[in-house]
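Could you have a look at this structure, given as structure tokens, before my questions?
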Amino acid sequence: MMEFLAMGGYAPYVWGSYLVMAGLLVVEMLQLRFRRRSLMDWIRRMARLRVQEENQ
Amino acid sequence: MSERGIQWFRFTAPANFYDLAGRLIPWFAALTIALFGVGLYMGLVVAPSDYQQGDSYRIIYIHVPTAWMGMFLYVLMAIYAAIGLIWRIKIAEIMAKSIAPTGALFTFLALWTGALWGRPTWGVFWVWDARLTSMLLLLFLYLGYMALHAAIDDRQRASNASAVLAMVGVVNVPIIYFSVHWWNTLHQGASITVTEAPTMAMIMFVTLMIMVLATWVYSIAVVLARARVELLERERTARWVQERLEGERR
Amino acid sequence: MADREFRAVALAAERGDRRLFDDIDFTLSPGQLLQVSGRNGCGKTSLLRILSGLSRPVAGQVYWGDEPIQSVDGGTGSCLGYLGHQNALKEDLTAEENILIAGGLGGGRPDREDVLAMLASLGLAGYEDLPVRYLSQGQKRRVALARLLLQPRPLLILDEPYAALDVQVIEVLRSAIEAHLARKGMIVITTHQAVDIDGDCHNLRLG
Amino acid sequence: MFRPLLALLRRDLTLALRRPQDALTVVGFFVVVVALFPLGIGPDPEFLRSLAPGVLWVAALLAVMLSLERLFSDDYRDGTLEQMLLVPEPLGLLVLTKIFAHWLITGLPLVLISPLLAVQLNLRPEEILILMAALLLGTPILSLIGAIGAALTLGLRGGGVLIALLILPLYAPPLILGAGAVDAVMHGASAQAHLSLLGAMMVFALFATPWATAAAVRIMLD
Amino acid sequence: MFRPLLALLRRDLTLALRRPQDALTVVGFFVVVVALFPLGIGPDPEFLRSLAPGVLWVAALLAVMLSLERLFSDDYRDGTLEQMLLVPEPLGLLVLTKIFAHWLITGLPLVLISPLLAVQLNLRPEEILILMAALLLGTPILSLIGAIGAALTLGLRGGGVLIALLILPLYAPPLILGAGAVDAVMHGASAQAHLSLLGAMMVFALFATPWATAAAVRIMLD
Amino acid sequence: MADREFRAVALAAERGDRRLFDDIDFTLSPGQLLQVSGRNGCGKTSLLRILSGLSRPVAGQVYWGDEPIQSVDGGTGSCLGYLGHQNALKEDLTAEENILIAGGLGGGRPDREDVLAMLASLGLAGYEDLPVRYLSQGQKRRVALARLLLQPRPLLILDEPYAALDVQVIEVLRSAIEAHLARKGMIVITTHQAVDIDGDCHNLRLG
């Protein structure tokens, strides 16, 4: 296992590449999900507002 | 906008696109996980280390796919932008805008992984090699596109303006590439260039292709997902959005 | 002066998420004036820009005779003159130069005497050869008006032309407008100030 | 047909003459940037000489880029650009005329002042000739390409810096070729190839960019 | 006493957050300018390395300078600056607050991104540390001095280029010291002296320039 | 509200080479309004800027009580509010934020409820949390007015406050001005539009 992690002495480079890539892809997906959620909330709020206005 | 134009693609109608993308995304997401799983296992565990570069060569499995993806997505983005600008097709505009962040991300990753690979192989993180330099300029083109999009408030105007920029950029990419190439070979200086891996072993090649496929599927999934969000944001007052929202939880 | 009608068909405009107006239709014949009125923010400026072909409506079309306004023979500018919120003057040029050059740009060859006479009639005698920068808010507006009135266009589109003008000049402008209508010109105008105009006036209320 | 274009050209040149400091500041900027380099890098003459083509070109490029912000923005702010859309003349030609005027006011003076700076950086006469030729071919390209960026940032806050980000990547080819031309003569080679490529690029830009710029102007004024 | 200053600082930072691209484009410009140099000068790593301090400093200086144009001009154009003169608070302090906000938004990011570029130009870790220290001391000086130029060119046409001409000469001392600090470590000497001088200069600028800037603002708004 | 008089003594202004006005004297007591009128370019804006201490007269002096206006205790801004041709709004902030921050800058700690109420009274209910950029010309002017009216200053200096406003809002503004006068405030105003104000009004004609 340690041997695998050491990558023949190139650990910083190899893992630096792979982990950064994994990290950034995950960040991209999370950011997308976050954006989608806040957008949905906003649309719902506006819809509620409109209904409220119409009822008045 | 006045003449709604070409409707022969069924999915150009926003609601249809929204639904279709929503149905496709889970499949691509699943495929992405599977391909990355297999690719990473093969690349990091199964494939033997290189007799010259040792284990550092394993970076190739992400370096090459990201580099390809970065370049390809720019062209794709420009094509969508042109379609959006000329025929005023909303979905194309949205696709162009949605591709940009992913393309920039992959371009950045190509630079990053290349730099980390360069250290063990060349002894430095960076040389002003033609390929590296034009990749860097490509990143700037992406950033300029996104900055322009962000700087303009009006959505329609933003996508039109950045479409012009994307098209100008794509005409220039080959010019940039050749001039940079020429510049580098004219000066003496850095004689190190990106070396071809010596006749790749079969296992390496297969692994590489799996990883390339994985980044492809990932890009499709993410771009579609982002396009859906963009679409919602643009059409948030449309009736179909309200209808979709009744049904959907998240 | 004009021999065609100016028509708007089913115009709609959006800004941000809001639909400003919908289904605006009208026909303006030679000699008629259309006053667009409405509260602040109801979309008057947006409508006037669409009418002059500067921006595109979300739906509908504007016609000059039978041609869409963007593709009029000889360019949109050959049939209409537009005065926006801004004066479109070069601050470093004098009033006279500004008007002469604008005339040249429009393809005409304006006469110096006419320009001076027009400026004088708007109360700018003595200010013709000062760089526009030295003029006050209202004086600049007058120069812009002089430029517009010197380009003989059948249709004039005026966005709050009275803004910043003092009472005397408003009077002058009013008679210029009436003369233009009498010559079978057409006018589209917005304003928050009440100025009565003699002629075939119509009203369009937004919002 | 050409009356409006001439009127426009005359207007832009008159405006520039009324405010000579505008054109002079561009030249001033060029001179100052070149002068900063020895401060940052050290005064060694041989070293400076080997840097000279690059530094001169980068400085010229930055100077042109900065001046570009004003290419359309004055006309935009006071509403003249709007009126220009109403002129019965293809917008592309109007744009080209404006670019030409802009080059006469900013690009040409750079070319004319460059020998002075080149001497200060120890370039030789024959190298200076090539430098001027390259700048003569290159600065119009810079103006033409930059006009697209100027149009795209019309009315945006922070336009100046945004222009830079948009067009600097596109400036790489003329920069490489221009600096390369001088470099080639410095190393005893011929600058022929560089210069002909630059010329070809200029012709291409001359025909292609005005339309892109016109489209951008229309979009930003929509 | 400090409530108005805090309100101002909060306002400027909020505005920057609403428009993150403004700050990002400054960084982008810095990066792009640095990247242009190898294109103009050639890719030889050793050569680039010896240029690195000068190039990085000149690029940082240009980036700060360009961003300065917007320090007061937004407030000037929409009339907020006029209202600020009516605030019951010394104008010098208000100006200092604005400069501080401006530095947080533009200067600090430059310092933070500089290591990346330094690596591309082949600087070594210990040199990069000194580079960052020098930039950390130097960029506030650039902002402080530049503010005077920004105030003096308020409302003038072609402000951007004019600012450059006014303040670039004043930028010579921080440039020499800052680039010199890195150069010193590159040649095995100590950067101590350069850095302390830079520090002293910063303190001096901190006390002197806000008042000059305030006076300039008053004059230009008269 | 105010306990001092606002006085101008022998004011004169020059622009370029022209003397705009000479020897302007007046005294404004609490509860009084001064309307400055005159043709375009006669120097109204220049006078108002001098009165608010923003620019210096060539001759003469402006006093707040016994203090020259530039050196009032607590800053010029503590005694007067100024509304110029420009609105002094940050386009990226919402109407509400703009007003709250302007209040904070003035050293106060404005109340959110008050701000919302004032905006609503000016017909901007529903627009409070939109960036000002999205507002039309007249709507922006209203936000600037709301800001001014929320800062309780004894003296208000208004340069064409009615510009770009529609009729309803002019009415609202008129009653706000009358209320301010009734509270013993003072006002200096210029306008080209005729709006009758109930109160102790005086007139100053320039040019």
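Note that the chains take the letters A, B, C, D, E and F in the order they are written out, and that residue 1 is the start of every chain.
Operating definition for what follows: contacts are C-beta pairs under 8 Å (C-beta built on N, C-alpha and C of every residue); 3 or more make two chains touch, one makes a residue touch a chain.
Because the structure is predicted, anything quoted here is derived from the model rather than measured.
Between the contact lists of chain D and chain E, the overlap consists of B.
Graph distance from chain B to chain E, where chains that touch are one step apart, equals 1.
Note: the chain lying farthest from chain E is C, by mean C-alpha position. Centroid distances built from C-alpha atoms place F farthest away from chain B.
Remark: chain C and chain F have CA centroids separated by 31 Å (rounded to whole angstrom).
Centre-to-centre, using mean CA coordinates, chain A is 50 Å away from chain F. With centres taken as mean Cα positions, chain D sits 42 Å from chain A.
Across the assembly, chain C contributes residues 16, 56, 85 that each touch 2 or more other chains.
Within chain E, the positions touching two or more other chains are listed as 19, 21, 25, 28, 32, 39, 42, 47, 74. Not a single residue in chain A touches at least two other chains.
Of all residues in chain B, only 40, 44-45, 49, 54-56, 58-59, 62-63, 66, 101-102, 105, 108-109, 112-113, 116-117, 119-120, 218, 222, 225-226, 228-229, 232-233, 236, 241-242, 245, 248, 250 touch chain A in the complex they form.
Those residues of chain D lying in contact with chain B across their complex are 148, 152-153, 156-158, 162, 165-170, 172-173, 176-177, 180, 183-184, 201, 208, 212, 215-216, 219-220, 222. Residues 137, 140-141, 143-144, 147-148, 151-152, 156-157, 160-161, 164-165, 167-169, 171-172, 175-176, 179-180, 182-183, 186-187 of chain B are the ones touching chain D in the complex. Touching chain E in their complex are the following residues of chain F: 52-56, 74-78, 80-82, 84-93, 97, 101-102, 104-107, 109, 131. Across the complex, chain C is touched by residues 15-16, 38-42, 45, 85, 123, 134-139, 141-142, 160, 163-169, 192-193 of chain F.
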